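Read from first to last, the chains carry the letters A, B and C; within each, the first residue is number 1.
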Amino acid sequence: MKTKFYGKHFLNTQDWKKEELETVLSLALDLKEKFALNEQTPYLLHKTLYLLFFFSSMRTRTSFEAAMDQLGGNSHDLAAESLQLSHGDTPKEVGRILSSYGHGIAIRHCDWRVGNKYINEVAVNSSVPVFNMQCDVYHPFQAMADLMTILEKKETLKDKKIVMSWAYASSYTKPISVPQSFLLLLSQFGVDVTLAYPEEFKLMPEIMEQVAENNKQVGGKLAITHNIGEAFADADVVYPKSWGPLVTTSDPEKGKQIINKYKNWICDAPKMKLAKKDCIYLHCLPADRGVEVTDEVIDGPQSAVFDQAENRLHVQKAILALTMGGK
Amino acid sequence: MKTKFYGKHFLNTQDWKKEELETVLSLALDLKEKFALNEQTPYLLHKTLYLLFFFSSMRTRTSFEAAMDQLGGNSHDLAAESLQLSHGDTPKEVGRILSSYGHGIAIRHCDWRVGNKYINEVAVNSSVPVFNMQCDVYHPFQAMADLMTILEKKETLKDKKIVMSWAYASSYTKPISVPQSFLLLLSQFGVDVTLAYPEEFKLMPEIMEQVAENNKQVGGKLAITHNIGEAFADADVVYPKSWGPLVTTSDPEKGKQIINKYKNWICDAPKMKLAKKDCIYLHCLPADRGVEVTDEVIDGPQSAVFDQAENRLHVQKAILALTMGGK
Amino acid sequence: MKTKFYGKHFLNTQDWKKEELETVLSLALDLKEKFALNEQTPYLLHKTLYLLFFFSSMRTRTSFEAAMDQLGGNSHDLAAESLQLSHGDTPKEVGRILSSYGHGIAIRHCDWRVGNKYINEVAVNSSVPVFNMQCDVYHPFQAMADLMTILEKKETLKDKKIVMSWAYASSYTKPISVPQSFLLLLSQFGVDVTLAYPEEFKLMPEIMEQVAENNKQVGGKLAITHNIGEAFADADVVYPKSWGPLVTTSDPEKGKQIINKYKNWICDAPKMKLAKKDCIYLHCLPADRGVEVTDEVIDGPQSAVFDQAENRLHVQKAILALTMGGK
């Protein structure tokens, strides 16, 4: 267990050591139990977290709000358009000024090739922790909630077949950050993962290299397939989720044409039958019902999507309490 | 006095027993006194209430925010358009996910034939209390504040002439929920009420049936008139308020034509002179000044509109504290 | 030191005595120290401050939010357009109703010839303190932060050359409230100030008369020049900031033509060289970089703009705690 977290940014899981992430998961479980007991956890009493949204959100926003409430602090939702962020304030000014007022700055900025850069610029200029609530590259809080859910449901990650798969959805803009952060985190933990996608939906090469590097060091393995049936076969965990062919093309029209070639990549009952009987279905929500996944699967007994959503709350409380909580 | 409230939804007053509503009114008075004394009432310390607005509001929003503050908790204003509620999240997901994060969900959704249905769907899927901040059918918190104000001003409801009347206003969209919830609540308390409206402005038949059923059981009486002067004669309480001819027509153009036939249904000094000298004037605000009511009346000594507005705060604190406060 | 502040509005510094403002500055320093020590200051525990924005803001909003958090209370950001403020609720109703729910009302309303009038109307109708977060005439919290920063950097105001100067910026709408409140406050403290502007940018005559009256009573002096170089010569503090030629013309097109005559009124390194070596550069932000000021100056060692921004937080906490904190 690590104990020195105060002032640490949480921009992606890769910047944190495995032991640090394990401390987070352990604390998250503890906070979840206290929540069930209605026990107070005011680790951030009267402290301030700013939530900067360049892209709106239901789960992300409401889970961060509840997290700060339960830690005894306050959060403030700053929609970029309602501030003067567009005319005048640079990331430097946002970082310098907000960190002189509050105790943490959480940012969601998903614009391709822009979001991550922006968050990093704020972080460099901030004297308090900066949190990545999702960017064009990473979604580290989601990955932590995903891992926590798998651990709760499966107890061990050893000898489990864990599948991250692309799924069909008609919208082009679905972000690539979810699979990327999932793969990175699991490779940090030395877990074997199967990644399935039609060829045009490859992930960013620098992420794949980092996953390979992690696997080399910690001992995990990544299997890649372009056949969703092969991926689902005997799986313990499936996480079928749409993302855009961003690495292949930046032309939305061309992107749409590519996507529409793969309408059969829906997660339905026949595909779930290929997996183990106790295989769980994951999705970060919102899902395109009837397109990405059938109601039967997402509302069925194998679905763990609401556990996943709830765990967002607890991993976030753990990370906020550890990094914003010191003197 | 009732004591088991934890986890109870408050979707309309009809679902609550008279004794339960009496407990609410008694607690509201107690909380109002403590507020005057600047005494702390942290019954919901560090707890979270989500406020979902499909229709914006001044009184409703600010009174719920202050209510949670004074109870030691937090509220978060979620405007439907700023979330992803339109593309992706169903009422089921809203109920499941928000109730896994927070301790209460309050919703305002006034769309005709849609709002009440939505709120009920969220409630069915929520593990924490759901509150109706106004829908197309009901406005139960307003009715509780109305009743509290009458009780404060008149001490007893016995042998009082209480009048709910339609009033002229040029906008078609004024909701029907206020008179409906008022009539329902007063019939639960066995109070005699006079209802006045031009024929095209009848209330929903299912509401009128419930009022009749309540009156049969508890002993109150409902008198209906289409003559506003007759209604105001010797009244102790008048509540003249515009609503749309929604039950008669769903065509806005036709609705407007109907409304414009009744410009003389304004609450003015001559009409107030028909009532008792100490008759009080109620309105849930905002009022269309010069159209629904003259400045002379709404700003005059008989007006109790600011008491009514303030009492929103205290009845809401009572209901939130009772339902969200347990373990 | 003064001790009776409860219930006092803070609409401009002129309404407060010098001793009262000194108490604020002294408390602000104390609260800043406690903030550095991470010591709790819950003077407004569970109290409510409403923030009414008719004009959005980054610094103002986030600093008031953090201020209330650190005082143990809550704030609620009410954007005028998201409420029903436009259709129905008068300033009277806003004052009466919000003051029956919460413990303070802060308003930002910068519309020329409208904002100050609106804030005063709310104040007259409010039973709790009303705070001017900037109007068309005044920006009193900014002026207090400006003064606090000068005192921190220069220790004494005696025999210092303090310069408020107009600066070039391409937008017409920059408010005149900042120089006006700065001049007023410094004249209340008997400080000598040099005011520099091109002739068309004179301040409101009633403000200039009040400054002259203050100077007569307390002993300060105001020097006016239309030459920026003359103003900067041997200065200890420079505060070059754009504002519109509002007193000269209300025609935006004509205003723009006037502004564009003075592109050389930029604060750059050569101008800073005219001042004393330890002269500090002030700006209330956001600055038009490359237009109002060069990056070299605003990011350089003489710039105190981030201290100024941070001090907003501490003077606001002081004023809120003093006025909202009693019984």
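One rule holds in what follows: contacts are C-beta pairs under 8 Å (C-beta built on N, C-alpha and C of every residue); 3 or more make two chains touch, one makes a residue touch a chain.
All values reported here derive from a predicted model rather than from experimental measurement.
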Practice prompt. Pick same or different for copies subunit B and subunit C, depending on whether their interface residues overlap by over half.
Written response: different
Worksheet item: What is the size of the turn, to the nearest 5°, that moves the C-alpha atoms of subunit A onto the matching ones in subunit B?
Response: 120
Item to complete: Let me have the rounded angstrom distance from the C-alpha centre of subunit B over to the C-alpha centre of subunit C, please.
Response: 41
Item to complete: List, in ascending order, every residue of subunit C touching at least 2 other chains.
Response: 74
Discussion item. Please output the residues of subunit A touching subunit B within their complex, sorted ascending.
Written reply: 38, 40, 42, 56-59, 61-63, 65-66, 69-72, 74, 77, 79, 285-289, 306, 309-310, 313
Worksheet item: Where on subunit C does subunit B make contact in their complex?
Response: 45-48, 50, 73-74, 76, 78, 82-85, 87-89, 93-94, 96-98, 100-102, 327
